[in-house]
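Here chain A shows up in two complexes: once beside chain B, once beside chain C.
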Partner chain A sequence: MKSLEDLREMRKEVEKEMQTRKNTNKPKVIIGMGTCGIAAGAREILQAVMEEMDKRDLDIEVTQTGCIGMCEKEPLMDVKLPGKDRITYGNLDKEDVKRIIVNHVINGNVVDELVIARLEE
Partner chain B sequence: MKELALHVLDIAENSISAEADNITIEINENTIENYIKIIIEDDGKGIEKEILKNITDPFVTSRNTRPVGLGLSLFKAAAKRCEGSFNIESDKTGTKVKAVFKRDHIDRAPIGNVAQSLISILLWNENIDLKYIHTYDNDQFIFDTKEIKKELEDINITDSKIINWLKDYIKENISEIRGGEFN
Partner chain C sequence: MKDTIYRSHVLICTGTGCVSSGAKNIKHELQDELADNDLKNEIKIVETGCHGFCEKGPIMVVYPEGVFYCQVKEEDVSEIVEEHLLKGRIVERLLFKEPMTEESIPSYEDIDFYKKQHRIALANCGKINPESINEYIANGGYEAAGKALTQMTPEEIIKEVKEAGLRGRGGGGFPTGLKWQFAFDNNSDKKYVICNADEGDPGAFMDRSVLEGDPHRIIEGMLINAYAIGADEGYVYVRAEYPLAIDRLQKAIDAAEDLGLLGEDIFGSGFNFNLHIKKGAGAFVCGEETALMASIEGKRGMPNPRPPYPAEKGLWGKPTNINNVETLANIPYIINEGSEVFSSIGTENSKGTKVFALTGKIKNTGLVEVPMGTTLQEVVYDIGGGLTDDKDFKAIQTGGPSGGCIPEDYLALPIDYDSLIEVGAMMGSGGMVVMDDSTCMVDVARFFLSFTQSESCGKCTPCREGTKRMLEILNRICDGEGKDGDIRLLEQLGEHIKDTALCGLGQTAPNPVLSTLQYFRNEYEAHIYDNKCPAGVCEELAASFTINIDSCIGCGQCVKVCPVDAISKGDGKYYIIDEEVCISCGACAKKCPVDAIFQG
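Coming up: the complex of A and B.
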């Protein structure tokens, strides 16, 4: 079983990596976490993002927001790349999140069929 | 909500909106007396008296974007449905929400993925201190971010590697006190 001593080891690992990432202009991912989002599975969307970040060693700013009034399209996730439009994706599942991370966040290609709104830069 | 842990996440986010610095979450499972008690307590700015009276009415909310708020209403309904009870106390020093469920009631949702709910709260605001106390009959697991942050020193608790580690750590420890079952 994991103990807090293991956490100390993990801390050292992360500390080494931190020195190489001092990027302030990170991609942003925003997840809708109101009551509607949570009921629709937003917690699993957030989990999928964190797993992809860990697996692919990504430096992304992840934030959460409350209900924005598009409850019927939850779970919602926005992606904002530096200097690009803010894209809102809706009706997501964990597999969609993996696609969005790989295609959009990493390679800059918007996943058109999952887009529900676009806010121009 | 499909899990009690999702209610916990939802209610704790009210605490974040209330600008709490400390949130304490307690889950107490008692298999002998057949209940599950969940308490979410914060030191946020509290709910105004007028609003508090009817706070579990879906058309009463303290937010100002929209006059509908479902979180507390849903939590109360879930407890009542399981022959349980619901109680909320609030003043300027904080808010305490308590829900009790009859453990073996057919309508009781599973406790669910508490680890993921706690992690989601940490990710919302890294400055909040979260204390989680899970009791299963005579066994107890306590998770306290104050302790974790001491170990981490200058490393942020929301780093994806740390977060994923903490998630497994919480999961394993809850399973341990629950005799090998996580949820």
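Coming up: the complex of A and C.
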């Protein structure tokens, strides 16, 4: 490191290591991880989200939730953009996750055909 | 998958306190559980420094939610993994419970203990991995040093520190900018900076926590300090009893050297700076700056008369600037945020925050960093959660062995350097001991004085002989052999030692005695003239027991157990205790079926 610019470059690089700990106003992805959710493949959904996060350098918050009483629609995933409604998607597979991340999380367009519930802000 | 992104970070505190309560085993257990559940690539374990809440340790914080778990045990780990990390359900029973309301609080920021705090020196403590320079840099670390070395002149830095109004956190409260100015003004081919991490006050651990939890902040503060006064070499003087702090600081120095943040031509500015650790021998007086420098030079750690001040003739006769750990921890913030932001916090003559080690008869003990001007009331009740067992507050002792005891009347006092001195106490390095009504103030004074007395290096007579005399008198009073005139003698000796001792140790040693004489004189008098220890602490003088005649049902049980026949039938159907005969054994009180007997 030979200048202040070098330090700032490095900071940009390493900031990723800390992003999980910064709870600013980030888009949130919440995955249903009840017993039946896990049985229906929620772990794969979670891993798909993380792959997308990694590939696209997304700064989003990924959390889980327990049973929400919609077991027959598992796997479930909610997306909550700051200031927007919380959208619940259901019956997902890995390909759906990609679509939701690109269209909804990144571009802000809800993927209507996968939506099963909407919780107003 | 790249190894930088994890959906969750589990922070485990591995400061000295939490390690002693088993944090390392918890970490290993968690590693195993994550491996068993195939979560290793999703969840990262981060070791951090002290959160200041060691009593509730081991502490674990789970992000992104920021859920704060306390007193985690090895057996709890599998539940945390299965419930929280897998299913997203918070493990309620491990949350912190507010002592006042019994409410469980999931998130860090909402706990009363943290809510009123304002963390500058401790900003990163418990939040980053102290062994990762990357995390420090990710949080804005070394930005201030970069700015200082490449965009500011030494004069500008000194001006900024002066205008910030920062005063030394090591006890004296001397204006830091002014001290730097003196060292800057003395021209020399060689200058030194020293960080004082000797921290000898019994019960204090703020400096240790900063070094363990955020060592790079101290390196950065010293780097700026060195550039500002023109020094190219520095020492951190750490007491040898702080092995973890030494280890983490050494790792941090190595990492900074690897990145070129220490060494030659730092930030391409042409400025060179090298930093060493010197382990202290442990004597309390070695924290005094002239004794400390003697110790670094390999001589016996004894104070020398000042002047000359270190800024003129310091380490090896060269101009030297010496600051406390916490003082230096504030420097990067001042350079980054500017003096105006810093000086907007605090009171007229005491700017910024102060870290205190809160202990004693209080519910939440730990490290607290509050803005100057916060009242004692807020610290004791809002942050500290009030007294244990909801007993009555009696006094708060600040400033460690050089400080004083402040009574209840002053709970509304805003804490700063000057207000504490005005009431006969002292900021000191930040010890704060809360005492309830079961505390004997004469005994407290004796405790602190016996500490300083045994730590006196013996170089000057007032301290060596004077504190010994004072201690003899206090021992006598506590043993029930106090004499008329003892109080006056204590005051005279105390004032004399304050005026004539060579160094700060002797000059402040009488403070605990003088301040208790000022506010709790009646307790001294009770010991001497009534042969009583009102708090019932001094064994020879414990207060006699009394029967509350309104509740006494006259069963006579107490009479049978009293070993000295002090109890007899009163005028009515109740019983009474003869104070003169009672030896305060308490046997009657234990026997009484209606709790009619009390002490005092």
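Rule of thumb we're sticking to: the second predicted complex is superposed on the first by the 98 of 121 C-alpha atoms of A that agree within 3 Å, B and C clash if a C-alpha of one lies under 4 Å from a C-alpha of the other, contacts with A are read in each partner's own complex, and residues count from 1 in each chain.
Throughout what follows, a contact is a pair of C-beta atoms (placed from the backbone, for glycine too) under 8 Å apart; a residue touches a chain by one contact, two chains touch by 3 or more.
Just so it is clear, the structure is predicted and the values come from calculations on it, not from any experiment.
Asks: For A:Ala39, decide between first (touching chain B), second (touching chain C), both and neither.
Replies: first
Asks: After the superposition on A, what does A:Asn91 contact: first (chain B), second (chain C), both or neither?
Replies: A:Asn91 sits against neither chain B nor chain C.
Asks: Between chain B and chain C, whom does A:Gly69 touch in the aligned arrangement: first, second, both, or neither?
Replies: After superposing on A, A:Gly69 lies in contact with chain B but is clear of chain C.
Asks: A:Val14 contacts which: chain B (first), chain C (second), both, neither?
Replies: After superposition on chain A, A:Val14 lies in contact with both partners, chain B and chain C.
Asks: Considering only touches as defined above, state whether A:Glu51 meets chain B (first), chain C (second), both or neither.
Replies: both
Asks: I'd like to check the shared interface: which positions of chain A are touched by both chain B and chain C across the two complexes?
Replies: Dual-contact residues (chain A): 1-2, 4, 7-8, 10-11, 14-15, 17-18, 33-34, 38, 46-47, 50-51, 53-54, 62, 64, 66.
Asks: Touching residues of chain C toward chain A in the complex: what are they?
Replies: 1-2, 4-9, 11, 41-42, 44, 63-66, 86-89, 127-128, 132, 134-135, 137-140, 142-143, 146-147, 150-151, 259-261, 265, 267-268
Asks: Considering the complex alone, what residue numbers of chain A touch chain C?
Replies: Of all residues in chain A, those touching chain C are 1-4, 7-8, 10-11, 14-21, 23, 30-31, 33-34, 38, 46-47, 49-51, 53-54, 61-66.
Asks: Would you tell me which residues of chain A are touching chain B in their complex?
Replies: These residues of chain A touch chain B: 1-2, 4, 6-8, 10-11, 13-15, 17-18, 33-36, 38-39, 43-44, 46-47, 50-51, 53-54, 58, 62, 64, 66-67, 69.
Asks: In their shared complex, at which residues does chain B touch chain A?
Replies: 1, 6, 9-10, 13, 17, 63, 65-66, 69-71, 74, 113, 116-117, 119-120, 123-124, 147-148, 151-153, 155, 158-165, 167-169, 172-173, 176
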